[in-house]
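Two complexes are shown next, each including chain A; its partner changes from chain B in the first to chain C in the second.
Right, the complex of A and B next:
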């Protein structure tokens, strides 16, 4: 229990304190008030990282909620032969380290990599420079996220689906409801707690995205900082520029964003919601 | 006939109406193609690691390669400390999982079965700490391990991240279901609290412990950020950090990076196929999101 306090609570306090200090090396520090925060918001790179991370998070939400939801419903409908096999295979990417996800997609997204080959041979699209174009950085990262997280989200939606009483569907079918009506009127409303849970989880995860861009862009922000995320910037500020105070201030801002979304979760689920 | 119909209704959750075979075939084909898309990058990783040097992009149109070579694997073990990284990963992962389990079970037991002042506050505090982004902590944790002299050490890599709020929550919920009567009976029989914990509580929580052990192992095995900060020396690194080092060192040698990635991934997938049910149910129950 003490370990929990020492390594969770104490570092938070320390980080908040540090965000108000100016560091000269590891040992000496002085109080600088809000200067670190001022510096952070004046940093062009920080604002870009904030914008990138927000776009990335929204992008992952737009794909990683509807897609797994529909797939989970289809897999659960009893109409797909061998649904367990599909579930398992789609889940496999979740087992890979994010490092591996990064290296594999570096290879696939390369200019003469497989994706371009596939696109040009089937759709006749000219090869795109996925990894070298600033505007393609976030789509590339969202593609990686889709690959890695779809299986897990299907899993979450599935555990929500099995809790919906089957009798509801049978009763509705007797009353002549169509499949689409069943989906909109029964599945979706009753799945709301699960959906909200997955949404909040995705937002919290999205804002913390680090490893994928770190691997894909060699620890940098990618072309024109198009793949620079907040977590990446914090890491670089702390361990490349050794600007601990500024990094701590960025950490506090990131924590504040995540805190707001977590509060929403707590409000809708209650602290003990996962108790069932 | 009637029997058959009711069986079909049971199997059908929401799609009513005539059961067209065509729709089933289309659905099946759709999932086959989709699944291929998800599995393909893993296949590509393995295949690319086996292509002869410099042929990765040239032969990319060969989905099934005509020439195979194990050269990249040889380089990995002969010129890079890849064998050492595997050993490091295994030792650190085991150390992490055991430490994290120890913390979860002891604190979870205390929070579930003992009444003391501030217990609820403590519990809520621990739960709230789940929402702290790790990036807020890295600077302070880094300064802490410098002061404690734990840089480059296994302790430094494991202990600061071993306190898992979600794991504790999971264990606590499980331990709430252990019958108090049983604990009291043990006390009457003269067992001390340590004996009770190790010979009554832990065996009864075995399913929860097994699930968490798997999830914790997976978590550390795949973790990059903290080990990346702790370890700068190649011979101490776990696999995830080692692969990152390979990328920086051999920018264009994708075969080598893919070989390193393959060896870090395939054993996990094989293990998973044996423990599938436990991993997937455990994940659904804890909702950790798995980083």
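Right, the complex of A and C next:
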């Protein structure tokens, strides 16, 4: 309890207090009311970071929900030979050090790297400058996220699939349902709680993304700050500008965004528990 | 009798050994140092050994810890903020220094320790580590910009490296060197690469053209005509003359850029003198053997011949025990500013020293195995005729961040005008609370 209070509650309270202070440098705190919050919304970078983070989160949702879901169903269907091997391989990235992965991805994304080679040999696309083009920063980060999180999400979906009674499928098959109908009518509806759980986790993870851009872009926001995320901006404001007040205000705003999504989560889960 | 003697001897040995132990423990003052480059730590330790030889009555015991660049600065900032956990001495990189000067400065002023050496050093090197009129840090090197040429590529294009004196010469030579060898419409060899996610290439041109980020009065001068012209020059190298390209990966320390240099796709680049070590360390010995160091081209006769780039100042934190302050200050000046130390900066670290009088020391004039077997220091020294000063101020880190994230990207990749790029940068600085004049 004491550990929880000291390491969890105290920093949160301190951050909220700091967000109402002009706190630039050592021993410089003074109360400034809502000035930090006003400043935050005037910063071009903040809006850019908020937009980038939102696009990144949506991007990860669009890929990291359907892809692992389909893969989990396939692996669970018994039609894949050596499914345990596949599962392990897909899960491995989650265990890999991101520092190593960051370096490898820099080489993969380089102009003469593997990704361009793959794209040009299969789709005939001219080499793209992934690491030097602002508009390609978020797609690059989403690619890394896909690599990293697909395995974990498969694990979640898999645990959901195990809980679906086999009799339902057997009964449906006897009634002449096609595999596609089984998926749409049984698997998907019964996986809804798991899917929602993964969605909310992905949203929280998406808004908090820090390590991926930090590693790939050497602590920066990438070309033209195209990969600047909220967490990176908070870090930059605190540790480059030594402006803990504004950084704390950004942190509170980020926490508020995540809090709203968490509320939605509780509501949906509440609805489901009544259904049960 | 013999028993008594034995006893006396035992007591004497005990006292003697105890006394010796105490005297060493009391005399050797422990000093801790944080660095982010291991070579810096080793260098300081060697200097501590030298100090102990010269000052046997006041020995020091220097221990250093190497921590990764970002983490070291963050840890230092956090330690200073909470008032505990900081080392006695620490390396602070030039772009990070101003961050530490906000609020109450947590470093010990070094003015009186530097005073005895002031006349011997290039004093503008102290400016980046100065705040409120006090010197807080001493650098490891001068960091003067030099040009690195791949002689194999230049010779293949029929260019004599020694014929390049002015930037006009450089551009003309660049047009010969830049070539589309496979005929696909994009050059395969460029004369130069310039950075879009780091500041070295552009700051060199800004400073050599009489611009920079701050002036001597501490005012932000990003929108000065000299800076506008410098940014235009950079953009023109890429889009008008077509002799330069944005460095792969955005910066000159990117692994893919090292590959470009190694593969002979980039014929030259300008970086501070310390970049010399990158050729054998990060690229290949084959490349290092064909590269040469030459002075920077100049804009006009009588103008600046070079500028200083990058740097790391060693500081003393205010968490040092008060009894150690004077010794630490004296040692720091000894380790960085004495004649012997400055010779060692070149021989041990491969850095250009900031003391003028060591330039003719024979230790600096030994031919190297790499760099065509030349004596690079001859050319480094030749470039030091008129070094552009660099002034910094409280928003120096933020300006660097803006330059290396959006400004240079917009200038080079999006081809926005220098005026537009600078106006956006100034607006952003203003939103952060900086006074931007006008």
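Just so we're on the same page, the second predicted complex is superposed on the first by the 267 of 276 C-alpha atoms of A that agree within 3 Å, B and C clash if a C-alpha of one lies under 4 Å from a C-alpha of the other, contacts with A are read in each partner's own complex, and residues count from 1 in each chain.
Assume contacts are C-beta pairs under 8 Å (C-beta built on N, C-alpha and C of every residue); 3 or more make two chains touch, one makes a residue touch a chain.
Here the structure is a predicted model, which is why all the values come from computation and not from measurement.
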| item | value |
| --- | --- |
| Partner chain in contact with A:124 - chain B first, chain C second, else both or neither | neither |
| Partner chain(s) touched by A:221 [first = chain B, second = chain C, both, neither] | second |
| Touching partner for A:201 - first (chain B), second (chain C), both, neither | first |
| Dominant contact partner of chain A by residue count, chain C or chain B | B |
| Which of chain B and chain C A:252 touches, first, second, both or neither | first |
| Partner chain in contact with A:239 - chain B first, chain C second, else both or neither | both |
| Which superposed partner A:43 touches (first chain B, second chain C, both, neither) | second |
| Touching partner for A:133 - first (chain B), second (chain C), both, neither | second |
| First, second, both or neither for A:147, with chain B first and chain C second | first |
| Contacts on chain A seen with chain B and repeated with chain C across the two complexes | 26, 103, 106-107, 110, 112-113, 218-219, 239 |
| Residues of chain B defined as touching chain A within the complex | 9, 11-17, 19, 23-24, 27-28, 31, 34-35, 38-39, 41-42, 44-45, 48, 56-57, 60-61, 103, 106-107, 110, 122, 124-127, 129, 131-144, 146, 159-163, 165, 168-169, 173, 218, 221-225, 229, 239-240, 243-244, 247-248, 254, 257-258, 260-261, 264-265, 268-269, 272-273, 276, 280, 283-284, 287, 289-291 |
| Chain A-touching residues of chain C, taken from the complex the two chains share | 70, 73-74, 77, 80-81, 96, 99-104, 106, 196-197, 246, 248-251, 254-256, 259, 397-398, 401, 404-406, 409-410, 413-414, 424, 427-428, 431-433 |
| Residue ranges of chain A in contact with chain B within the complex | 1, 3-4, 7-12, 14-15, 18, 26, 71, 73-82, 86, 88-100, 103-108, 110, 112-114, 117, 147, 150-152, 155-156, 158-159, 161, 166, 169-170, 173, 177-179, 182-183, 186-187, 197, 201, 204-205, 207-208, 210-211, 214-215, 218-219, 230-231, 234-235, 238-239, 244, 247-248, 250-252, 254-255, 258-259, 262, 271, 274-275 |
| Chain A to chain C touching residues, read off their complex | 24-28, 39, 42-45, 103, 106-107, 110-113, 131-134, 217-225, 228, 236, 239-243 |
